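Note that chain A is present in both complexes that follow, paired respectively with chain B and with chain C.
Now for the complex of A and B:
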């Protein structure tokens, strides 16, 4: 019963919005907001398997390559900086400055160095995403409970064991926060870098539609991009739930006790 | 929730020195890399050249107009997003049915990358400031809304029920029970939204060509004025740092009376 009710509540508004859009736009004469039926037809015609292979897959590959490199670099450097108090104090203002630069302005700079190929886009994503991961890792490492650290020390837990058994788990939730922020930046940069200069990719295709006034196709691209953002954040949440299961359990226990 | 806190009062002592040393090191590195020929000067001009370009820019009226345009788009976008986010958040948050009904829609709309709206903004507003505003508002709105929803959910049920049994009107309940509880969350939302708004303002200017610093960066890039481009990027970074600092100190000042902040100090 409750399941059915929850399902009803979850589906009600989306259905109303969808039907509302469908009905209101049904005989729309406006050039910019074509009927939803037309957009959906365009969606089916535009994003065929071949088109997805030619435009969406390269975009996603660049996204994953950049995100993966940024995660490795961010967590690695973050651990190194977070574990060394002096290093952290020295680099903190510099890192804060780099983080404060709006990531998309990196596109013209990196275009100078790396041209306009795939390399440029991956580097842009890496440079944009690395800061939130790095700073959150530093912060997470800094906030490791000192009692835990001292205990580990008295048990002579050192080296790799100290890193993987003590520090990484404690800093985990904060690192995941950084990774989540970085994911949305990565998607933005994927699109922006392709809008700037590319010969394929989702961002490139959508701008191309807009420039040639293929409005239903453009709308279909916007919808696809939205679905992609939603799907990626859903995937991230599933992964997060798996990795941080112990943390959720701990918080649940604390909440019940408190 | 996601903020990086650097609340050390020891900032004035040792770390301040180390931090300035770090910044000086960066400036020196950027000066030396091109001078020693490690990096082509065409790609990365030395610090002195960037600073000279910055001084040149600061002497032109165009720079200040662009700065003003960016700040105006940022400010208005943030203001609209905060107003809409707080209103919608309190409305949705305080009516349980609305909350249940909208949850799935909010979860779906929130992760949509705001840059997806760029083509739409171009068609609707062209290169006017409206394009920038649309993107800024969209991106900043979700940050505020989600935080306000968390805040409203955090209201102590006992306090709320007490207010009810004393026949507080709907407005009084919002004003005296809901709002004070949600306030720290509102501020967190505003702080997050302020940085996101700047990113989107610059991005929109850069990609669409609406007036502002981002457009100037695109022009500098197109005309191969590399030091000017770097100078403008530095300006955007400084703006970002300033907005961060302002939001953090503003939050601490304005919430100094609040339990959440007082509690931190006491413990």
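Now for the complex of A and C:
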């Protein structure tokens, strides 16, 4: 498919939805679902550069801090657990338990310990999105091909080089899967943590609008969140394509060999 | 000199014991090219893994130049049968060949030299930046051989390296191994299940029995040093020798069936 056609296919459904929403809501009298035109006007008025700086940037900073910490902790611990059978046997049931807890319920608990500042929100994000990264890293490390490991051993590739040149790249595709899942969880927790207790941020602002019956503004915030999530996942896909180029190529080659 | 003395390997899983190697004794002189040949499932790979220090024997010992093998010895390179899994798909051909050298703390200019020479020796100049999966099976096995050659080993172990390539590629690779052996004066231990290949390549052939494995017989291949696929394989002496080896292998199989 050419680029133009692919763009057309990708854009078709969003356009249809947009037009549908526009037409269906055009003469809406309902207070809670105002016409889209009104929401878009509110969007322009609400999300000025100053507002973005005051509300969106703090949210994003907390998101990135939490996501980064979770990635480091998840991959680091995942490597250790994946490489050590005894550690794995001890920790795996506990990890499964923690993963099974829906992260939003941790917000009130973490608030008790960490207060209601940025620290609390970052901790909530870390706690919620570390699990898919951790568990996928463990799986990825465990699944490293035995021939790969024996090759590394017989050529005396040990220590740091073994980790960074052999184990991590080999587990890479699985780690990236974990990171992708974690990103969407992180966005959800960013919003939720701000809805509980905050003085700025996207989640906070949307709740404020709702409580003050600024309904078009509330909708505009939700649209902004959607756009933000979309942009982040696009960025993630671009990064993934670069890092895992070898993996795509390998799979393509294997398919052709079939 | 490579010495294998009274080597025994018993695999245990629960209460079941499988005796893979019973009692193996043979030596490979420095600079010799010895082929190990035996019926399929006779524990050739187990033997090779014991020699390369990847697997601990149950009893008996392996010595390289008088030093007992415990873990992969320096100065030994292994070419595995599964080239597709033994080359790292996330690295270019150059990086694959270079990684063991980095571990050996070879200086950067010398590394570049060794990589270039090795790739040139296997006829792969110009593929440095390609990924292994972009190459054909035969070329991938050449990369694996180049990696071993660049390592400048004293001993080169090859575990059925050509079992998975087509017949013509195989003939080319056999000639390549002979050529490299003559040029580099390394000690080569070549494991195969192919009797013709063993006789064509080796200066000596060690025949193994069926599992539990012992040395069935040894044979000096008194063919001229200059060999080529067309004439050597039609040489009456070649046919005589391969018949000898074939008879021994048949005998080994019969003994196992009893």
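Brief remarks on what is shown
Everything that follows uses one rule, which is that the second predicted complex is superposed on the first by the 247 of 258 C-alpha atoms of A that agree within 3 Å, B and C clash if a C-alpha of one lies under 4 Å from a C-alpha of the other, contacts with A are read in each partner's own complex, and residues count from 1 in each chain.
In the analysis below, contacts are C-beta pairs under 8 Å (C-beta built on N, C-alpha and C of every residue); 3 or more make two chains touch, one makes a residue touch a chain.
Since we're looking at a predicted model, the values are computed, not measured.
When both complexes are overlaid on chain A, chain B and chain C end up sitting side by side without clashing.
In the superposition on chain A, A:84 makes contact with neither chain B nor chain C. By the touch criterion defined above, A:166 lies against chain C but remains apart from chain B after alignment on the C-alpha atoms of chain A. Of the two partner chains, neither chain B nor chain C is touched by A:212. Of the two partner chains placed by superposition, A:28 touches none, neither chain B nor chain C.
Aligning the two complexes via chain A yields an angle of 90° at the C-alpha centre of chain A, spanning the centres of chain B and chain C, rounded to a multiple of 10. Of the two partners chain B and chain C, more chain A residues are in touch with B.
Shared-chain residue A:37: touches no atom of chain B or chain C. With both structures placed on the common chain, the touch criterion links A:232 to chain B but leaves chain C unconnected.
Applying the stated contact rule after C-alpha superposition, one finds that A:48 touches neither chain B nor chain C.
Nearest C-alpha atoms belonging to chain B and chain C sit 11 Å apart in the superposition, given in whole angstrom. On chain A, the patch touched by chain B and the patch touched by chain C do not overlap at any residue.
On the chain B side of its complex with chain A, the touching residues are 1-2, 4-6, 14-15, 18-23, 25-26, 42-43, 100-105, 108-120, 122-124, 195, 198-199, 202-203, 206-207, 214, 217-218, 221, 226, 229-230, 232-233, 236-241, 243-244.
On the chain A side of its complex with chain C, the touching residues are 145, 147-148, 150-151, 153-158, 161, 165-166, 169-170, 172, 246-247, 249-250, 253-254.
Listing the residues of chain C that touch chain A in their complex gives 49, 52-54, 72, 74, 76-78, 80, 82, 85-86, 88-91, 99-100, 102-104, 131, 133-134, 147, 151. Residues of chain A touching chain B in their complex: 6, 9-14, 17, 32, 86, 89-94, 96-105, 107-109, 111-113, 135-136, 139, 177, 181, 184, 187-188, 191-192, 195-196, 203, 206-207, 209-210, 215, 218, 221-222, 225-226, 229-230, 232-233.
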